[in-house]
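Okay, so chain A shows up in both of these, paired with chain B first and chain C after.
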Partner chain A sequence: MERDHEKRAAIADQFKEKIRRETRGERLRVYMPIILLLSLSVLFAVYDSRFFSPANITNLLYQMTIPLILATGITFVLLTGCIDLSLEGVMGLAGSSIALLILNTKNSNDFGAIGVLVPIAGCALIGAVTGLIHTKLRIASFIVTFAMGSITAGLAVLTYRGVPAVIKVGWANDLSVGSFWGVPYLTWIALGIFAAGCVLLYCTAFGCAVYAIGDNELAAKASGTHIDAVKTAVFAICACTSGIAGFISCVRLKIGQAAMGSDQLFPAITALVIGGVSLSGGKGGMLQTFVGVLIYTELQNFLTIIGVDAYYKKAVQGVIIIIAVAMTVSRSRKTISK
Partner chain B sequence: MKNGLNEREFLPRLLFKGRNLSKTYGGNTVLRNIDIDIYRGEIAGLVGENGAGKSTLLKIISGVEPPSTGEMEMNGSPYKCSSILDAHRRGVGMVFQEQSLTANLTVAQNIYRGRESRFSVLGLVRWGKMNAAAQKVMAAVDIRDIPPDRKVWNIPFAARQRVEIAKVLDIVSNATEDRSLILLDEPTTVLSREEMESLFREVRKMAGRGNGVIFVSHRLSEVLELTDRIYVFKDGEKTAVLKTSEASEDILYEKMVGRETTGEYYLSARQALPSDDVVLETEALSQWGVFIHVSFKLRRGEVLGICGVEGSGKEAVCSVLCGDESATGGTIRVNGEKRTFVSPKDALDAGILSVPRNRREDGILGMLSIRENITLSSLKKLASHGVVSLKKQNEEALSWVTRLGIKCSGIFQRISNLSGGNAQKAIFARVLGSDCPILVLDHPTRGVDVGSKGEIYSLIREITKRGVSVVLLGDTLDECIGLASRILVMKDGIVTGEFDCSHGRKPSQVEVVQKMM
Partner chain C sequence: MAAQTQTQTQTNMGSKMKLFVKDAVSRYTYILCAVSVVGAFYVLNPRFLSMYSVQNMLVEAAPLLLMAAGISFVLFTGCIDLSTGAVASCVCVLTGTYVARVGHGIIPLMILLGVAAGFANGCIVTKLKVPSFIVTLCAQSVWKCVALVQSGGGSKNIPIASRSLVLWASKPFLHFPAICWIALAVLMIFFFIQQKSVVGKNIFAVGANERAARMAGVDTAKAKIYAFVYSGLGSALAGMIYAYKLKSSVPNIGDPLNLMAISAVALGGTLMSGGKGSVFRTLVGVLTVTAISSGMNMAGVDAFWKDIVYGVVLIGAIAVNSEKGVRDLVVR
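Take a look at the complex of A and B:
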């Protein structure tokens, strides 16, 4: 009987220890990316002194602009446990239509700010439709968004029928080269969107609902969350930021082409995963997203500086995402998630 | 303070009333004509074995599921709810066994999840106000050492439970002007003695304010300590309602186990005599934080039953035996040879095959035909040079269908169209066809009709006679005692008893239950 008592106490202790270890793991998850960012920065600076030269810092700020905008939007989607693969297509559609609505080489339109805002709002609407299809028809988000990406990419090319519009407005140039306090205007826009994302995630009931859904959808439902509405909103947000990224890209390239979206999805998701936002939902946040975007941008920039071939860079990207996911995913589940 | 507190309150007044509550899932009645009354200020206990219907009753009262038949009343007016939220509005709240807090939100955010608007200005939540309010809510249940702005993953496990209780309490007490009813489902499982005592104090305080509490626990000593009245359930029926002052563990055991079936029902005369060959032996088998030091010997032709309530560790022992989970300590020997299982394939190679409990999810390949399902584990035997002979496959399937009397329109029928009993027989056919000498049967008769149950028992007798050994998790205690030659009783992750169950020497259910609870 006395032995039984000891055994029982041993199990209780083991259980407590298990929870303690989980908590420790969770802490590690929060601090790991920050440690990684700092050590990579030091490493890169030591390896090549050009890395932290003023010119390269401006470069870094330029390079992080679009990934940061896209990552801010898709953070919401990932936190609910869904994924959005449509952002490349949506981005291309936004960029193409904006180029056609402001002063350009293809037609006589000159709608100015309205020509920018309407396509971005349209993107948000497309995202809402995506969300509705996902929630009402109960189709997995990766399928819906994959299809939506395909639809929007097709529509993007259709808007200009072969020859993309080149924009002729003067402010586009000012916007893309100008800077304030040494930070490019476009990066300021990205930072602004990121800040808005932080407010939305951390200061509203909506933000709490996003976490609750990602953590345990059934429990969230039980506590009165309108799952479908919140999910629709996160897809709308993500599509909206994709639209803004399309605008930035259009301003930078001076041409509204569907292809501007290509190869933009992967950096955004890689950044999030490296930063510690879980692909299975509920874990991570805007801080993780920001750190992830910085790590990703620094890495890409560094590989360019030391002259690594672009195709190797792509391969490196793939390896990084697998390592990052492998480090963060819980392997206790018995089945491999599909 | 709530109004209406006068001398009337000292007379027992009905808070909740349920009449004729029944629940049927696909022809299977799990709850039968339950009448239940909860008075104001009362703590009522709900006890019973696994599958007695406690959880189902809680689900009905808390709004998770509607009853199939029956009426309920809360605070004197008809009570019908289609969701947990509905139930909250009527003052009924449940603290779930599985914690439902969101790990990445703070304690305060969790407490006010879905109710943030009261702290919002223009859509922005003022966390300072929310935290202050949460602090008060938490203080009401004696949580003072946890800052409300800490993330839930960062607070101790037991504290999460108390936060959950605080949350439910606050929701229901704010939702209605009247008294509320709190349902606690196994809240003490993870708590230490001190934590449990503090929980009990809270529960008594709740009841002292005129609220009703339903407390469910497998630990009878706790039920006897805390409650005023105890409802005893058995097989979906209420077998007794006792005043706690007049109850004792022995009385409860007796009421819980109900009628005993005669040995003939389980064909115990045909029970194989245990041989001396040990086919499977474990020594101090442990899984970190789940079970510890489980040692047994399984002999050829023997049925070893493992009894215990849900969460006693018996499921985990089975998972380890069939390679689904790994042990963290101890050894497994098969035919005297030490083995370690990393996957079910390793266990299968060693000759151990399991029949999972959730037939529909884990057992059958619903899209495939009866033929494929039966021959799945013996395809190697039916193949030459890697190619499966369809002819042999058909013959094999057909012979099993005839032998076990599987009622179907043919071996090409989809297995998902079969009834529970026939699908289970098809799974048995697969298991038997694989020629494995050791079977792990997890609730082999769950959801099977009475006739098929008999056939499955007969089948088990037949295979053990041929030298197959079985580790059994019975669907009921009665079944476990009836079928097994020996049983191991587990509680809280340790083996608390072992009984010889050979023909004519079966222990009574009460004896076994005493070790379980």
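Take a look at the complex of A and C:
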């Protein structure tokens, strides 16, 4: 009898120890990115005093604009456990069609705000189609979005057929160089979208559904969540933010070219995984995304300051993603990674 | 009573017949698809099947065939390899740059590089348990970086003095250039591996049901690593063939190939979720994709349309072939 009791106590102790270890791991995962951000900031500042000069801070704010917008959108997708590889194509499509619809050198269109909003809405629609293909035809998201990425990139080139349009509107210049309280307008837009993303994720039933699906899709389904609707909406949101990023890029570059989207997917995913958003879904959130974007931007900026070749930067990003994902992947769960 | 039984048997027969027809149709869709594509382009332009055009198409298909045959193994396991295009670019650049110095020794070296690239992918996927599309997406960026740094960003010709080293590949042999025969030979080897070797069987077992395969004593990690190694090998051979065919090193030659290769495998009817498919089906898929590509060229379609067409073909092919019977399957 007594031995039985002892045994039970031992098992209870083991269980407690396991829980404690898990929560410790969890806490480490939550605080790790913030510690990394602070230590990198200090390191960079010590290495080069120009890093926190006012001019470079403005630089940093500019550089974080597009990654922040894209990361906000893709956070929703990653939280459901899916992935969106079509960012680049959608962004290029939005940018090139916006450039063709507002005052430009290639045709006589001048639709103003409508010319900006319609392509962005179109992108959201494309995202919804992606979501529908993924959910209704039951094709894995990475392959649907991989194909959609190439379709939209092709469409982007097709809109201007070889020679991209250069935009001539006056407000584009004001928008791209102007600033308010020392923060560029474009960064304000990005922050606004990020705030909207936070509200949507943390304060609505939709946000809860996103977490529920990412954590355990079958359980969410059993408890009455409309999985297909939520997933479709998630892809629409992601494509919509890609469209907005395309607009921003178009305003900054003054030219609507499909290539503006290239190499934009990696920064977004890198930022998310460094920040601690799990690729298997359900873990992380907007704050992790924000920290991740900051880390990514600082790293990029620093690599530029010390003069690393642009070719190497992408390779470095690739290695960082693998390491970050390998560190955050939970091996205790018996999921099969494919 | 007897009449009732008879009608029952009849309905049974009817449904069985229907099932049989459905099964046969789904089994041979890929051939039907290939024939209809070729037929349509032949009707549009009878010169589509002229000797010259067919030769051209086979030369176009050779590198794609190698890459797609390799990638098939990865898809059999249910994983994906997005790095094949970049590996091909990298090998193309390295071959073009060093063939003058190393001579024919470059061939085993590059094969080794491809095997190493695949091995690295496979190890990270299996040992670190990172999803394969992330690993290979990152590997893509690494190999692209090597290709761009090595070439300085532009394409370069192989110097005239050492052209004799690479000319043999384009020389016709029994009507077709040597590279076509090489591609076919490698395909045969891959087919043999798939049908006869233990590794081939294990790869399919892993794709069909990984947990069950592991319980049955299959070394799932080893099977996956082998699959990635074959994929890397195929991509390296594809890149080398490009260098020999174009007689130059082109750092972005592989960029469009990845989508084409995966589309070709999907068109052949290989399941993206793994466990079903064949290298032979991939051959038919590659021929279909090549026919679409050169048929569009001959019909005078804008090159801008190509990416769009391949994307649509990929989604369509997967949608037709995917298993819709399983309702509770979580697709991500």
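One rule holds for everything that comes next: the second predicted complex is superposed on the first by the 328 of 338 C-alpha atoms of A that agree within 3 Å, B and C clash if a C-alpha of one lies under 4 Å from a C-alpha of the other, contacts with A are read in each partner's own complex, and residues count from 1 in each chain.
Convention: a contact is a pair of C-beta atoms (placed from the backbone, for glycine too) under 8 Å apart; a residue touches a chain by one contact, two chains touch by 3 or more.
Everything numeric here is computed off the predicted structure, so don't read it as measured data.
Novice: In the superposed arrangement, does chain B or chain C reach more residues of chain A?
Specialist: C
Novice: After superposition on the shared chain, which partner residues are touched by A:155: those of chain B (first), chain C (second), both, or neither?
Specialist: After superposing on A, A:155 lies in contact with chain C but is clear of chain B.
Novice: One more residue to check, A:147. First (chain B), second (chain C), both or neither?
Specialist: second
Novice: Between chain B (first) and chain C (second), which, if any, makes contact with A:81: first, second, both or neither?
Specialist: A:81 sits against chain C, while chain B stays out of touch.
Novice: Touch test for A:139: chain B only (first), chain C only (second), both, or neither?
Specialist: Only chain C; A:139 stays clear of chain B.
Novice: Return first, second, both or neither, reflecting whether A:176 touches chain B, chain C, both chains, or no partner chain.
Specialist: A:176: touches no partner chain.
Novice: Using the superposition on chain A as set up above, list the residues of chain A that contact both chain B and chain C.
Specialist: The overlap between the chain B and chain C interfaces on chain A is empty, containing no residue.
Novice: What part of chain C is in contact with chain A in the complex they form?
Specialist: 78-80, 82, 124-125, 128-135, 137-142, 144-146, 148-149, 153, 210-211, 259, 262, 272-274, 302, 304-308, 310-312, 314-315, 318-319, 322, 324, 328-332
Novice: What part of chain A is in contact with chain C in the complex they form?
Specialist: Against chain C, chain A makes touches at 81-83, 85, 133-134, 137-144, 146-151, 153-155, 157-158, 161, 217-218, 266, 269, 279-281, 309, 311-312, 314-315, 317-319, 321-322, 325-326, 329, 331, 336-338.
Novice: Within their complex, state which residues of chain A touch chain B.
Specialist: My answer: residues 4, 7-8, 10-12, 14-19, 22-23, 26-27, 199, 203-205, 208-209, 211-212, 214-216, 219-220, 222-225, 282-285, 334.
Novice: Which chain B residues qualify as touching chain A in the complex?
Specialist: 83-85, 100-105, 109, 113-117, 120, 123-125, 127, 153-154, 156-157, 190, 192, 288-293, 324, 492-494, 496
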